[in-house]
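A short write-up of the structure that comes next.
First chain written, first letter: the chains are A, B, C, D, E and F, and each begins at residue 1.
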């Protein structure tokens, strides 16, 4: 099994969710994060104090999937999250040793 | 019809704060009454509180987090800009001189206004106070319009549009209805601004929403409010402030003011209960947003009628307000597919319209000196219809032209990117954390 | 004891806004005083502001995020419902007719109330204004009760209970103490509602908290407030509004009102400092929640005494209030193991009780026309004890019965799942983000 | 120069609420006017609202999340502490007896103040009300100072400093300028507190900021406000409350109060627009924080001038206020490298100073009875300069000494760890969630 | 070493923490997240605009443990976080290459 | 490639970011988290109800880097995030199978 972690632009969440549902991935966990990268932030000014805000709001999506569909998941996320503008985000795929559904105790792919 | 209306007007004894009037004059000092002055200063403070922080909170509590400050900025800017224009020429054009179409510039920058001058429309308080009180009405009317274009209008365009709208929509209407203009002469009843404030702002908002188009994500994304508790606070302050809005429109600390306030309060209560009840029966839950929307609908709707009807009429009018405005915000808006972000038309436009008509229905001689339909004076209702038509057409037409004109100088709407990022950052360079 | 009390009552010259009274009558127009009217309109607005947004903020600032809107909904609903019932029959039953047990229905739906009628209890303002002012007291009393059952009461049950409680607890008590009823005749001192408002609401809340049981997680989970800054705002508005609550209870714009306000303000200050000091010495830090709790405790406690005692007595009463209410919220509550969510009993119940007794101790003839214990009139204290006992027993007993009755129609409490999810979503279908 | 000034003072007819006065006396009951009383009760409530919740919100809306409650606690504590000290001896020392340096203790704990006593400074309202109204000024002045040391001052040190500052800075200044002291005799114009309130608080804050040093992270970390919407709410309430602050300083419900209010409102508007416009042109965006800062700058600046100048002067003074205070908050602060957290000196200190001078420039006999520079009375400007110098030197010097003294008993500043953790937790044991 | 990531219902945090402490796990990092899965969300209505909210509040707990007690940790989390209702959550176990305590520079199991 | 996850004290973020930039790491994703560990929390009191808050605010920084500079990254984070006080936090290094830049589809080290 793989854990697919995608950092995306916040307003793309719904499209990504729909694309994943379409390939049969029905679960995910989403975190509000701040991203730092090539994309330029903005300047905030408070009575003359200027702060450059380089950390931009992003969403981090975590999806556990069976190893064989990890590539497919990466593919649909890429397609649905892309705007072509800088700051579209990244996808990282990492290994999972075990998975478990708390309610039933089912493990590994049954747990997803 | 004009003849008929004119006759009806002659029958309807003008009453209340606002009546057919001559130019302000230096009055004998003894006419100014300290008690009325005390009340009217407070009423003025209450109406100012309706805009800041009242309306600023009510509106910003209904937008997304990224637009909270920008929404507040619109109310703030309306206060700052319109106040100065009011003093510069607005008051004079509205309330000095009684031509049918427009007042005079005799009192520009308050020229000639002394410690003891009065305006014939409010003989027991200083003219300066009458001017200030009326200023707060101009402010809130302009600030109301902003709700329709929340989340997407460029701040610079908003400022230009506000100034233009104030000059070409608010000033004429205020003069026509309250300042001795042709609707005033005709006997249109509008105690505290069903036409001048609510219908005109609602209509202006509707047109602006149509011209600017829908928000990105409207109908597809979750545009739900960030922090409705702000809207509840705002409603509380609006409600309390409305005692000054409708009560102060009596111009004195007397029973007439009290009766107007009771009707006002009851309409808010009935509106809140009605909207909540409809939601409960049709959607299984009464929402807080629904209750406050109903309250504000009741308040807006009773406004033109408040000083003319009996207190308990407030309950009836509030129930009607809750139902009609609910329908406007849910059915009408979807039917005509406009994105009036904060339902300025649905709540204030429809409320002001409905209340102006109902004033013609329920007007009670014992309260406001004018009889309505139910007291056997159907002509009054016709006059009210006429007032509504004039206000709607004028506000809609002029608002449209002004938006097109402003759009020649600066794009009305922010860029798609800025809209997604939020107006707080893009227009003001700051944000909630 | 009744004989003794009666004699004492005869000695105590009734004073203040509320006294033994006949039915309202049409008054000569000249009796209505514009200055008093101006002040009382404003006082009415201030007391309304105490509930919305004051109490709505104070309460919702002490609950968890998931219940903020539901808590505000309770205040809103109290305003909307009780106002209409007050106009329908509440005012008339409380303040029209002076039977020992209950008033009459002569003024149902304000029947016969004209522009120049007055109520003998407040001869210099329009009866309509007196009615409206008293309405705001009924509203806030009902709204106060809700704090005890915050976080768990079903909205439908809350509405039913509120209506029933208003009819069967508030109306009789208001008549007995203020409307010419038996406690009034006996000479009980309750300037602005120690019995009628605070003790009755606190007791009702206590009973409701007991009947409904503790919140899930009480004592084990962290139930700490989501956003205390709301509670601070609410306290500010309550405090300012209390000028209208206690000052307005003088019924006129005069020194009596001013003295009541000074005592009120000082009690709030002393209460805040006392509660803070106790926390500082026993728990090493003075909390903001502690300071605002002490302020509200001081305000609630001075309420019955405010127009009867000298201004500086406010300091003494505030100190006692801070200490006693602190003890009630920390020791008493745990001793009897009830979960009065927002300490309505601890702050308002105990405060109202304490203040009513202290009114009997400190009453000063030069201020309110009645002498208390310290001026050598110990009977007054007995009368006060009697008033407290009657109020406590009546509110407790009737509240219990009403809760059981309401429980027959609809479960008082939401399901465990809904409680965990939060009332905002489960009762109103909306949420803070 | 003293001779010159004295002569000028003799020429300047003292006017407004505060004038050279004898001791309070029992007045014939008939002098007390119900209408003025009604207005002044309300004005008192409005000024209290300026501090709680007004200033509490304005200030806490500009700090980081971890310090929101601690910032509110400072306003709350100022209300509670100063009110009691005011009643104990503050009022008497300021306003009873007309020695050049200090008043008397004749009215300590309101001794001898009856229902019908008046203070010669405000002959148509009860002395008790005059006392209460002036109390709200003392409160807000002390509360204002806190903004300079936000985010880092220990709560215990704050309390000690506040008490000492009230006694040794506020009381003398209030007596000198308003209570018959030497500046009053000299004819200094300070309608509602440019010197006594704003310059004294701003200067005290500046010194405290210097003595305590800069916040950790100042200049390197992002110290941006947590929730500016609180600051906007606060501004709204401050603005509305300022009608009571400047309007109430006329002491009566009359045209003088109205004129003061108009000038006040216009200055706020012009200040907001000016600050916003400067930001727009120099930094490409007008911020909401900028607009509200400009509004408060305008309000603070017009305060000393409000009852002495013509309404439209408010616009001019507001524009100057916006520009000068903007410069103080951006350039001056960086030039002298002090960390006045919430710009109390930049907004209130510089505003009060500027407004006091401008009062000497624009004073208009027809409004306030005194002529200024533009009406050919340049001496008035010299007197104003003198008042500014005395106030600045006294407040700066005494504040410095008091801080050093307090620092002997308790460290002024919290530990670095506590500062990082936030004052809410470390000083009050509670937090926003 | 293993990183045990558990997605649980928010009100279960305290029980889970106690259960972990009982087996000697004294550190963890918790994130507020939104979860999407089988559990049905709720509908919010704002003046007639209806939004179905499918992302529900969950907590994401991250616990680094020595490999040999990973299973035990998974076991106690399962036991303490279970309500038996849908939406109880998941546990994923992933590998850690290195761990380090910033304060002391201690590494691997000493770092925990 | 490696995913370096560091739990640090919030006020250290800027120093850590600068240190990372200095060694050529130009991207990261930051999450606000609550940490439980040896560091003692504080007590909050609300009208006599006392709550011991053991979860303290921390930041979780996630940095994907080529395997060869993972150690260097760990080193500079350690150096820049250290105060020497308890609660400074942890660093965990976990494996990444694949990485991808959404905007361009570039993969692995090119994606960073």
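Descriptive notes on the structure:
Please note the rule applied: a contact is a pair of C-beta atoms (placed from the backbone, for glycine too) under 8 Å apart; a residue touches a chain by one contact, two chains touch by 3 or more.
Since we're looking at a predicted model, the values are computed, not measured.
By the document's definition of touch, common neighbours of chain A and chain D comprise B, F.
Centroid to centroid, with C-alpha atoms defining each point, chain A and chain B lie 47 Å apart.
Chain centres here are Cα means. That of chain B falls 34 Å from that of chain D. Averaging Cα coordinates per chain places chain B and chain F 53 Å apart. Multi-chain contact residues of chain F (touching two or more other chains): 31, 44-46, 94-95.
Counting partners per residue, chain B has 33-35, 38-39, 42, 224-225, 233, 283, 285, 287, 289, 429-430 as the residues that reach two or more other chains. Pairs of chains meeting the touch criterion are A-B, A-D, A-E, A-F, B-C, B-D, B-E, C-D, C-E, C-F, D-F, E-F.
Listed in rising order, the residues of chain A touching chain E in the complex are 3, 17, 26-31, 62, 64, 94-103, 105, 111-112. Of all the residues in chain C, the ones that touch chain D in their complex are 33-36, 38-39, 42, 46, 65, 224-229, 232-233, 235-237, 239-240, 243-244, 247, 252-259, 261-262, 265-266, 268-270, 272-273, 276, 283-289, 291-292, 295, 311-312, 315, 366-367.
Put simply, chain F touches chain C in their complex at residues 44-49, 51, 53. Looking at the complex, you find that chain E touches chain C at residues 11, 14, 42-46.
Across the complex, chain A is touched by residues 217, 220-221, 420-421, 425, 429-431 of chain B.
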